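I'd like to ask you about the structure that follows.
Labels A, B, C and D are assigned to the chains in the order they are written; within every chain, residues are numbered from 1.
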């Protein structure tokens, strides 16, 4: 059973009325709830816990970490970012959600600014599947329609994803690479665009399906643990 | 349970003494045997059967097709190649083995010559895992060593794979992209280099592991079935 | 000086009033004209010439071939398709324009159906640059806006491009990977979506700029000419 | 004329006899020398200069930066790493040479450990061209042979390159992705493996040719300068 730790900044839902209405127990509880229902072994962790809830012990028991943050990216300690990065490179899966594009951990793993265009205007978004054979598209229709969405637009300053699964259309005239797979070290990273704190995005079954698929995809698959450093030759040298 | 059809040209094993010794019942029976043991629902098909054993009915019940051919690529009917290509584009997985690089179906799906350098001199090959997070590398060490192998060397005239999982080192001085993943249509294709008809390659557990992993990876994942052609707008036009 | 052969089906412009109005001398003359102005050595070739104008001699003197076709893809002889494919694999650049997505040569080089959604409704298209560092985006703004465009929508059944340069937004709600780079053999292929026969697409300086950039990018760069087949070892074998 | 700044740690050549013999004026002078001869406008910068020689003014006049470092990666100030990263994301080309794989700037841009296997045993290396159509392979034979090379072996912990141009074979039994292209932000990055401080690697014309090709490829191409942040809609919203 894949073990998922659902991390959340958990500030909007305590400070903003609109966010609290959508997610009274926090976005993390909403995400952990539907993942639990879909058969994953879940726990949560939030920014204001000691070590942001991401102790070595918690990470030892985490196959896939999901990350939601927005207004407090800077409060995440560099030491914890180092730790999460190291775990990803060792094989832990990472799902970066929505405004998490600007988190320290995502920028660290991408090596770029991860900047984008944005607009908060409750406009229509349509996420088109561009790689239907990818397991993250399992059980999804040709597109996902979100009636009231925040806009994120290109240029999205990321490295070209190893696989591009979704591309978004926005009512206001923009496009966005909204479902992006990356291999980093021995780990897998999936960025998924939808997820604004005041819209009921995570209550939609189709969004839940994508995230459940992504957890399955990102879970470690038991590949080799590469050895680095000085090595003796495997063949006789001249 | 993933349903695998193991296709084999089945000529060497009936005509050449050395091949018959290695694979008295044919390479297809060897491959089907270990896949069956590993929990797949397998059947076989060979060149000299009607429709090469690849009738519409057989393909209807095939999730993943494996392909071994060498000296009779030209005897494969174009109509059957069309049929297999169509099935791959609709979602069937395809594993192309060793000398299958020159099969009509692989060249068709790649769009290139699929040419390479080769040498049959029983030399050492070492397949290095270059993408340890890929599920096809599950349970594999950092490298696979084959003591007596046929050499295939770069330039391998294929499109750059979507994911490169293995790269081979050869005693004689060459390298080769020996484990290559491709998405084509709604299907997945994996090319795997080892597998000469007179070497006991398919008896090695590590090779069997790679192929079992590849079957799992290539099996259809139930993504959307895209619609093509003329479409009404989803949004009002000016 | 890069030598470009501009190939055109040249049927619409002789048969349809609207197309003739836009391109009285044919789309090929329009394209060859602006490429000539931008410093390329151009010639044209059309379907109804002997060998479709693509004799061995013409191809010997062609660095980059551009391809426009629509209603007569099936009339292109397979022998000529073989010849063009071979030339691309040997290093000739190929620009496939608009409805050329369904040409025999593009389907041959892609290995997929190259199907897509389409609609002819004079709607707005906006091509966003998603890889600004690519030379094909030189001198282009963040997006190209086309007021009256034919819609092509995903799923576009192609292999994931080696580099995705443009993604289109359409007024009617679709997106499309509209500027796609591929390496095939020793050659480079660029697919560019805009270019309907009854819209003045090829008169727009920004479209001309993209095509000129693409010609530069696709021109052969003098890399090695790989040798294939049986090879002696470069190192002593055990 | 492309303006190149050749950066060097410049420690080995002042401290080690063997390195001084190979590169009496420093590796930077050797590289700048042959690039100058090949028509580039070059300057040099080294670790022990103020701001490591990479002032804002120098970077303002730099199209492509080359980076050689080995034993003093940690002495590079984070502020300068920030500055160089920002410049790359804005469009400056970067060539990372040999042991520069472990530099702060390369690890920063990759997001991974950039670890590898290594061995210093004067063994034979053969770099095979695997993508002959890439401009970095211009004028190069099918492979480059280096009689006395340091070994770098897979697993090389980098993101899969956007284009893999060279793969190395080593006498001792390893392979390595030794010529790797990456797009990062609006900039291009090329990693090239050869270049040990006590071997005459940079005196070899073929190595000089690869680096000159890479400078041309990495030079900014004048694409759009993306705007980020809050944007008004381009289309009327409901």
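Basically, a contact is a pair of C-beta atoms (placed from the backbone, for glycine too) under 8 Å apart; a residue touches a chain by one contact, two chains touch by 3 or more.
Here the structure is a predicted model, which means the values were calculated and not measured.
Chains touching both subunit B and subunit D: A, C. Across the two interfaces under comparison, A-B and A-D, the one joined by more C-beta contacts turns out to be A-D.
In the contact between subunit A and subunit C, the residue numbers used by both copies make up over half of all numbers at that interface. In this assembly, the C-alpha centroid of subunit A lies 31 Å from the C-alpha centroid of subunit D.
Once the centre of each chain is set as its mean CA position, subunit A and subunit C turn out to be 36 Å apart. Those residues of subunit B in touch with two or more other chains are numbered 124, 126, 129, 131-132, 142, 153-155, 160, 162-163, 171, 173-174, 183, 185, 224, 226-227, 234-235. Residues of subunit A touching subunit B in their complex: 91, 124, 126, 129, 131-135, 137-142, 162-163, 171, 183, 185-188, 220-227, 234-235.
Taken together, the subunit D residues at the contact with subunit B in this complex read 126, 128-132, 142, 153-156, 160, 163-164, 167-170, 173-175, 177.
If you check the complex, the residues on subunit A that touch subunit D are 85, 89, 108-113, 115-119, 121, 123-124, 151, 153-155, 157, 159-160, 162, 171-174, 182-185, 224, 226-235, 237-238.
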